[in-house]
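Letters A, B and C mark the chains in the order given here, with residues in each chain numbered from 1 onward.
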Amino acid sequence: MAFTRINNKMVSAQVLPGQRILSQRGSMLGYTGEVSFQPNLMGGQGGVMSMIGRRVANEDTPLMTVEGHGTVMFGHGGHHVHVVDLVGDTLYVEADRLLAFEGSLQQSTMFMGQQGGLMGVVRGQVTGQGLFTTKLTGHGAVAVMAHGGVIELPIFPGQPVHVDPQAYVAHRGEVTNKLSSALGWRDMVGRGSGEAFQLELSGQGTVYVQASEVKL
Amino acid sequence: MAQFRLQGSKVLAVDLAGDTVKARNGSMVAYTGQMGFKKLSGGGDGLRGMVTRRLTGERMEVMEVKGQGTCYFADKATEINLVRLNGETLFVESDNLLCTEASLRTGTSFTGLNGMASGNGLFTTKVEGQGWAAVTSHGPAVILRVSQGLPLRVDPGAYIAHTGNLHRALKSGAGWSTLIGEGGGEAMQVEFTGEGLVYVQPSERTTLGGEV
Amino acid sequence: MSYPPQNPYGQQPYGQQPYGQQPPPHPPQGPPPGYSQQQYEQSHQATQAGMPLPPQAPPYQAGPAGQFGAPVFQPPGGEGPKVWDAGTLPDNDNVNPYCFSVDLNGAYYLQKGKMIAYYGEMRFSGVGRGALDQLLERNFNSPLHASDWVVAEGRGKLLLADRAYDLNSYDLEDGNLTVRSGNLLAFEPTLQLKQSIIPGFLTLIGTGKFVAASNGPVHFVEPPIRVDPQALVGWADCPAPCHHYDHGYLHGVIGGLRHLTGIGGASGEEHQFEFIGAGQVLMQSSETLMADRSVGVIGAEPGIPGSGVPHQQQHGGGSVPGLGNLGDLGRRFGL
């Protein structure tokens, strides 16, 4: 457990020599000990292409590397913080919602369009969340932000979960996602109800949903 | 029968078995199973509902959700208060009504000066019947009892709902006797007398009645 | 048996680690995991020297931070919402984490517009008028913007709230606590309110209770600590609040390049407030500032920093001179 919950909007992390933590720039609230904060040009890993990808996707959430010896407190914007522990599996999370994560995790930027083809592209545009989602794999903890806290909804085979794209925070597990449009679905029943587009997540895993339709 | 339950304090989960609930437009955050969403006229039914929307500019648009499964509702990370009605009437600021069971009738009631002071339209939504209603509040609502001889005064911006046999009157804050700039800041208050419960939120909407 | 003695709590799922299993190497501010949601102290008294010393609380507890958890007032399990009335509302205590009930019997100062409801007979008057001049002289030893403050007088139960921010009450016993102006909500007339030397902060001195709001629950830490300026709510007793600039990122070739071109940016954490010495630092878990309250203009006198400097006065009503600028500076560095 790299992150210790202080309260529902704050976590603290221990930084030890040789272990780094990546966090969203400007999200440090306070620290003790000798800790340095270095801007992270490449956004962790993935090299220049990743960076370009991020720029193109307008999803340039700048990260910083936290190193040294001490304790650092993180929080941002009064948003609720939720810690997810990864044990060799993968978490997909909107880059804007990423507060901090352990350096032991493999980070890459995923092109959401790979899943769901054209609809994936549409989804990115509809949700305004960009086409790129941060993918974190390995062993370690991730602190994710959400407006109003998150609820975890399990996804079971044959029981897909539909999520309002604005309320989607992250998901993990063997999950495929596609944008289901209420348009043309049951005679445009959903039209005007404010629920025109939904993210459909199916497979086996967990989806994290926030208690708000407000995007970060 | 739709089952209302809270998932945390800010998400309402409604279990549906082919039945229907009415919810604020766009407030669905997730669902499992099969759900259909249909827009309703909003602001209550019939002519008065339309008048409400015209007059107040409130976009209290309502959708009907029907299906099998669990539907999750939330509204801008506000707290959700479940109110069980057994024939009583619930008066609620339209902005704060998130979801009602289909068995409940919703309409509008003229709230006079209260509405004016709170800048929240002249009409309040009236919910009657038997069933569950979900009311949102910015921060957990505080429920205050009003009884004979114990009137309550609330800030119009903090008022969200009330039940019971209550009389409302707009009062100017006592002691508000000087220039606005030096005033007491609590210029407008709503006084409740009678018997009933008043729901207030630990927050204040921006109001027309001055910087209250 | 080859097993080491089993911890009795060993079976508990994660998030419930017992004390000692993972000794936090940062004792002052390391709350036991999972503590935060459950604890709700009656009235969040701090236990440090100079800060209130409630009779029953031993000074210098191992983890004073542990007392100030995210206040969850009622366990969600308790079905049926609580209904309050004039008799059952708490006396000078929180109704829930976001609402504070004052048992008014006399006078109380509050920031304008923070009353949400009341029972009883009371009147609200602007500070600085006629009959109240005496009160004003006694309590406001600062060129406060009087119109921001209201005196509630009378008898009854008064409910205070501020945009659903977390409210905490603090008992001072012959102590002092400095708080960001925008966070101070109400205080007893037994306390004196003064303007801090640090711009944008107010100092309360004396004995009595005050109520402050914070964006997220307040977290208490002991110096030495460096705090992001925007996360600072206030401090008690710390003798040396100062600025700390981390220039490391500007050093070297890369750093110089960054400095010149802005490419690569900064980490956004180059500037902090540093606290050393004995005391308590109050942090809010957010970097979103609450709207600052004007603390009034400081008289232009030699030797008073920030006094009568024209550009600071431009900020006028809403923002705080000096501190806002520093915040901007930090942000500018960050961009």
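FYI, a residue touches a chain if its C-beta (ideal position, glycine included) is under 8 Å from a C-beta of that chain, and two chains touch if they have at least 3 such contacts.
Chain labels with UniProt names: A, B = AIM24 family protein; C = Ser or Arg-related nuclear matrix protein.
Predicted model only: the values in this text are computed from it and were never measured.
Trainee: Select the chain whose centre, defined as the mean of its C-alpha atoms, is least distant from the mean of all protein C-alpha atoms.
Mentor: C
Trainee: So which one's got more C-beta contacts, A-C or A-B?
Mentor: A-C
Trainee: Need the CA-centroid distance for the pair subunit A / subunit B, whole Å please.
Mentor: Measuring from centre to centre gives 33 Å for this pair.
Trainee: Name the residues of subunit B that each touch 2 or more other chains.
Mentor: 8
Trainee: With touch defined as at the start, can you tell me which subunit B residues reach subunit A in the complex?
Mentor: So the residues of subunit B in touch with subunit A come to 7-8, 10-11, 25-33, 35-39, 61, 63, 72, 74-78.
Trainee: Within their complex, state which residues of subunit A touch subunit C.
Mentor: Contacts found on subunit A: 1, 4-10, 12, 14, 25-33, 36-39, 41, 62, 64-65, 70-71, 73, 75-79, 85.
Trainee: Which subunit C residues qualify as touching subunit A in the complex?
Mentor: Subunit C reaches subunit A through residues 14, 17, 22, 24-26, 29-31, 33-34, 36-37, 65, 69-70, 215-217, 219, 221, 224-228, 231, 246, 248-249, 258, 263-270, 272, 281, 283, 285-288, 334.
Trainee: For a test of understanding, state which residues of subunit B touch subunit C in their complex under the given definition.
Mentor: Contacts found on subunit B: 6, 8-9, 81, 138-147, 150-155, 157-158, 173-178, 181-186, 197-198, 200-204, 211-212.
Trainee: Of all residues in subunit C, which touch subunit B in the complex?
Mentor: Against subunit B, subunit C makes touches at 73, 76, 81-86, 95-99, 112-113, 115-119, 122-126, 128-129, 146-147, 150, 153, 159, 161-164, 167.
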